[in-house]
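All chains are identified by letter, namely A, B, C and D, in their written order; residue positions are counted from 1 within each chain.
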Amino acid sequence: MGMIGGGRGAFIGGVHRIAAAMDGQIELVAGALHVDPEIALLSGQDLFLQPERTYRTYHELFEKESQLSADERIDFVSIVTPNHVHFDPARMALENGFHVVCEKPLSFNLDEAKQLQSLVHSNDLVFALTHTYTGYPMIKQARQMLTSGTFGKIRKVVVEYPQGWLSTPIERTGQQQASWRTDPKKSGKAGAVGDIGTHAENLAETITGLKITELCADVTTFVEGRLLDDDANVLIRFDNGAKGVLHCSQISAGEENAINIRVYGETGSLEWHQHDPNTMYVKWLDKPMEVYRTGQPYMGEMAQAHTRVPAGHPEGYLEAFGNIYRDFAKVVQAKIAGETPEPQYLDFPTVDDGVRGMEFIDAVIESGQKNAAWVSLH
Amino acid sequence: MGMIGGGRGAFIGGVHRIAAAMDGQIELVAGALHVDPEIALLSGQDLFLQPERTYRTYHELFEKESQLSADERIDFVSIVTPNHVHFDPARMALENGFHVVCEKPLSFNLDEAKQLQSLVHSNDLVFALTHTYTGYPMIKQARQMLTSGTFGKIRKVVVEYPQGWLSTPIERTGQQQASWRTDPKKSGKAGAVGDIGTHAENLAETITGLKITELCADVTTFVEGRLLDDDANVLIRFDNGAKGVLHCSQISAGEENAINIRVYGETGSLEWHQHDPNTMYVKWLDKPMEVYRTGQPYMGEMAQAHTRVPAGHPEGYLEAFGNIYRDFAKVVQAKIAGETPEPQYLDFPTVDDGVRGMEFIDAVIESGQKNAAWVSLH
Amino acid sequence: MGMIGGGRGAFIGGVHRIAAAMDGQIELVAGALHVDPEIALLSGQDLFLQPERTYRTYHELFEKESQLSADERIDFVSIVTPNHVHFDPARMALENGFHVVCEKPLSFNLDEAKQLQSLVHSNDLVFALTHTYTGYPMIKQARQMLTSGTFGKIRKVVVEYPQGWLSTPIERTGQQQASWRTDPKKSGKAGAVGDIGTHAENLAETITGLKITELCADVTTFVEGRLLDDDANVLIRFDNGAKGVLHCSQISAGEENAINIRVYGETGSLEWHQHDPNTMYVKWLDKPMEVYRTGQPYMGEMAQAHTRVPAGHPEGYLEAFGNIYRDFAKVVQAKIAGETPEPQYLDFPTVDDGVRGMEFIDAVIESGQKNAAWVSLH
Amino acid sequence: MGMIGGGRGAFIGGVHRIAAAMDGQIELVAGALHVDPEIALLSGQDLFLQPERTYRTYHELFEKESQLSADERIDFVSIVTPNHVHFDPARMALENGFHVVCEKPLSFNLDEAKQLQSLVHSNDLVFALTHTYTGYPMIKQARQMLTSGTFGKIRKVVVEYPQGWLSTPIERTGQQQASWRTDPKKSGKAGAVGDIGTHAENLAETITGLKITELCADVTTFVEGRLLDDDANVLIRFDNGAKGVLHCSQISAGEENAINIRVYGETGSLEWHQHDPNTMYVKWLDKPMEVYRTGQPYMGEMAQAHTRVPAGHPEGYLEAFGNIYRDFAKVVQAKIAGETPEPQYLDFPTVDDGVRGMEFIDAVIESGQKNAAWVSLH
């Protein structure tokens, strides 16, 4: 694999590298690791990349790698740059026949997203979007239970993503993660809504199998002088008549990455919190709540297929991330070998999820600008 | 004290009696305990009331008790009837000079509520509304911390009250608690919103000291054939610029009385769950979360004044209820003695909270009928 | 009822009064409330006792009350004095035909305990020992499940009672609760072992239906200069071959009343923590853990009979205490009426539990003195 | 690295490979992966090892690898075989100048352990023993706080390791993990005590910096016909006068890997549970309990140095394991380069911990055989 972005000073690039290495299926062999060519080269040294495959720009990466033989060249790139630098390298990758792993949100705006979607489908390439949370085994379990009707018709969904790290204007202190996320030129039209609201939307739609059809969003910037939203409270309605609440925030002082979801059906419900990802609470109308645990024999097939160690050995965020990479790699391998991938590997977020996320961002921001009017989401 | 309602088949009447008895300040000596005069009399026997003070109707109760000497007659009545029978006995009590404890919501509609409010103030009587949850010691603590600026300006409030007991149409099975709560002739215009949404509203406004100024509510009846709402998701805005989410539900399958609240300020936040009422999570931007516990020496004065046993002896719902009765009794005693009550006793919900609750119901229902348009709350 | 001890400066007396008042079955009408006759009288005024039934000593109480008619006189006394003043008033009560509620541990030493046991049985009186924790509804449920073989044969029991309040020598600061508990002249031969170790022993034997047959105890006084133990770690063996660990401590800094128990059988296990008394974790070899909750319809008969409010309304320590008083009162009422009490009321700790507790204290202290040698418990 | 054991049918070998790969410091290039040479070769194919470095036996591995140049040959071996096959390959590795990572317990008996310890020290090689739990960042934090006197002198330690998976005789069903662990020819003299009791011992001594000086153990085999212990309850005493309880069990039905520890000092205490490894409860005599969380800025240096992702991204068992490998690799690299390793990398369990574990096993089993008599641990 090759990596675009993720060099010195980055956070998520290192996460991608661990996730990719974890299962011995993927090797990092090339990179254009930083927007500054000098830092890009130094970052390559840090990672023991061969100098000749440590590129100064992603343009150079695609040019050179394309000229290598199929045996030698990278099979795919990982794009771990800020939002405004997702589209162009992804486009180039797809146009040059490379499969892609890309950070979320998919792109700077919806138009770019649709172009990428179109390229993926027309070129028949594999594209994974790293909505990590859906990589947890317990989320596989939740999806299987909900979509198979375990609780009857779904009535209500409550999905939350509170963070507190942007409670103060740390973007003005030079904190790199905060700076680009609060800069509309780099993040796009949304702040918290794009960065974490899309995770909540993706989680809710993924595990229920439902689609949000309309929403009403109260979008706020609490920190004075900040240019993008840092909080949003959203009423949501689903295509089966279910209703719900989605809220995300980066000014919820004292919260870490407290993404969580509750889904209520006619006869029971489930509840999951990312901070304790191997546990899920399954509640019933007429019998005791059950506590599901990753790795237990009663877990379903999809969860089992995404679990590395027996029950009682906590798996975390990196393993969830690793699941996306492992599944993606397996599908790429099958594609290269001209085989049909096993169904268990086809469960990772794709470019279609990415387009969906951009539609969600558009709808939330539009609703917010109209003083929380209802906006349809197609 | 005298009790109106709360006889055979009732739930909340027994709770009031335990709460009233708990601190040895109050004795039940009279009652009109059921709408059916025969059951009223039998219910009096159950409770060892003297036959001559076991009344067939509340009209009779007020008539007879009024004729007794000040020494003999009841000082106050507790009204524990369904919503549509709050107003008339409360009105009669106030007109006859009796203090009142009344179940929530205050009345059948806002107009009634305002009449009672007017009577309370003009007759200088004491009126307690049993929004029980504010009786918990930890809620006193939360209020004290939030209103004294512990976390800076409040930015966001998330308050939830999910229940699951009305997930199926049990009102059609003759279940008495369900029947009147889903009957618009007895409950008023709101179902879940009136029964538990008002608790959430009262909790949020009580502990923050803020007022909700407008709201946008998606109000739903999920159970087919039910005549009142059983779920509502509400965006809320406060008078200091804070925003939030309030949702209440009686179709959240598998939930008990899971009322909980999170309040976020600029520098920290707190979180409280009624199911574990003696614990509060206090979160900070830059130091470890703290876990406050009822009865500990570090708790504030108001919490201490409403705690009966040292830390480690869990206090529950009945003790919270008892706190309202104890405080009310102390204020009534002071009133009768012509004294000024101690400030620690003046912290129970009053007729003004009741009017507020009815305004909230009106606003939520109106918003719901307008497809979740924003409605102001004065 | 009459009360001995529990006047000004006391803690547990107030708890007894709330517990006794809660269900409207019991009225406090007489008392000898303090070892100092002057304070005894003032304490009586605090509680609105009639002056003529506010006694200066318990001797006076028994003398005078015995002369009253059966209608007038108290039916029973509550003894809430320090350990060294349990025996004599209890003996006098029993000899004068009064039923007794007594604080634990039963007496100053085993010999006294056996004398009381003998008196209770020979005089056919009702005697309740306030091992409060067995009054919780969930403990009734645990007992029912364990003794009916829900988990097969019981193999292992872990019962703990850590407290931290005696981590420093607060008895030297004049703290009244600490003073007598650390004074061998008032507490007897044991400190923590008597005060809270007996609770652990009683809880373990009560819910399993098993008897401890031998134990090996490492008993320690950590706070320099303290005269009694403040920590004990004990290996235990039961009459069915089960084994276990019991430890109690008053120097576990930062702990409140964290009594908890886990019982493991062949096919499953249960776990209960007093700090969250309405929840019990039921674990299985081959299916998800279940979370039992007080007040739910799936709870057994005994638990239901000791629950006052529906699920979701937390019941606490005072209600558990109230259950002992309510059951005791019902049995006394039946006894007075010459009737057989309903079985549901016969589930409170008695003088036999008290003797058992004194045997446990003797065995633990003896083992400790022999450097944790095994000691049999008959 | 080379691996001995860990081929088809094994569990822990895969864990070692993920842990080793995670940080991009270590590559698996050779192996003798199974006791059956044919399976060893097939296992090598599974892992894409080069055929010429896929060895049939570990003897062959050492012979061949020793002949390779320093550049080519492996730097170390990972020994992931059952207990009775730790000693011989470890000995050969050390005699041939290879560094070693070895599974716990170190060896089949104490004599072997001491031989290995001697070889490690005389040959100046690096030896890591995979007591994984001490690799968690929070355990680094606990150690730092406890050994720096945060809570004053340590008084009490409670360490538990309950599992339930051997509640029934699954070793007779052919379950491979169960079979060798219950076979005295493969496991040594101890069952649960060796497999998990040593983890508890290592955790307790590691985080406190104290040494157990004597113990008293009630050792039991509950499952009929089983040849080794499946449960032990142990009283422990430490070299500073602290006391405690250690218990481990494989018949605690319904438990996963619930290893946990509480350490009480004079002014506070801490509590950690492996199932929620990124959380630690820090309790105080006179202020609210604090909840420490991995990745937060207030965490100490050693914890920070062993954390890969920011707070709110749960790290798990594999990351803890990876920490041991990463630290080990860094120290091996420094050794090879003739440099002094950075102190932060010197915090992994070594052969000395392994000898300690074997001494612990001997003492527990001896005590058990003497009906839980006190046995000294040097």
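Keep this in mind: contacts are C-beta pairs under 8 Å (C-beta built on N, C-alpha and C of every residue); 3 or more make two chains touch, one makes a residue touch a chain.
As the structure is a prediction and not an experimental result, all values here were calculated from the model.
Within the contact network of the assembly, the step distance from chain A to chain C comes to 1. Compared with chain B, the chain whose C-alpha mean position is the greatest distance off is D.
In terms of C-beta pairs in contact, C-D outnumbers the other of B-D and C-D.
Centre-to-centre, using mean CA coordinates, chain C is 43 Å away from chain D. Separation between the centroids of chain B and chain C, computed from CA atoms only, is 35 Å. Between chain B and chain D the centroid-to-centroid distance comes to 55 Å (mean Cα coordinates, whole Å). Chain contacts: chain A has residues 255, 289, 293 touching two or more partner chains. Those residues of chain B whose C-beta lies close enough to touch chain D in the complex are 282, 286-293, 296-298. Here chain B touches chain C in the complex through residues 11, 14-15, 17-18, 21-24, 28, 47-48, 163, 255-258, 274-278, 293, 295, 308-319, going by the rule given at the top.
Taken together, the chain A residues at the contact with chain B in this complex read 151, 155-156, 158, 160, 162, 164, 167-168, 216, 218, 220, 222, 231, 233, 235, 237, 243-245, 247, 249, 251-255, 262, 264-269, 283-285, 289, 371-372, 374.
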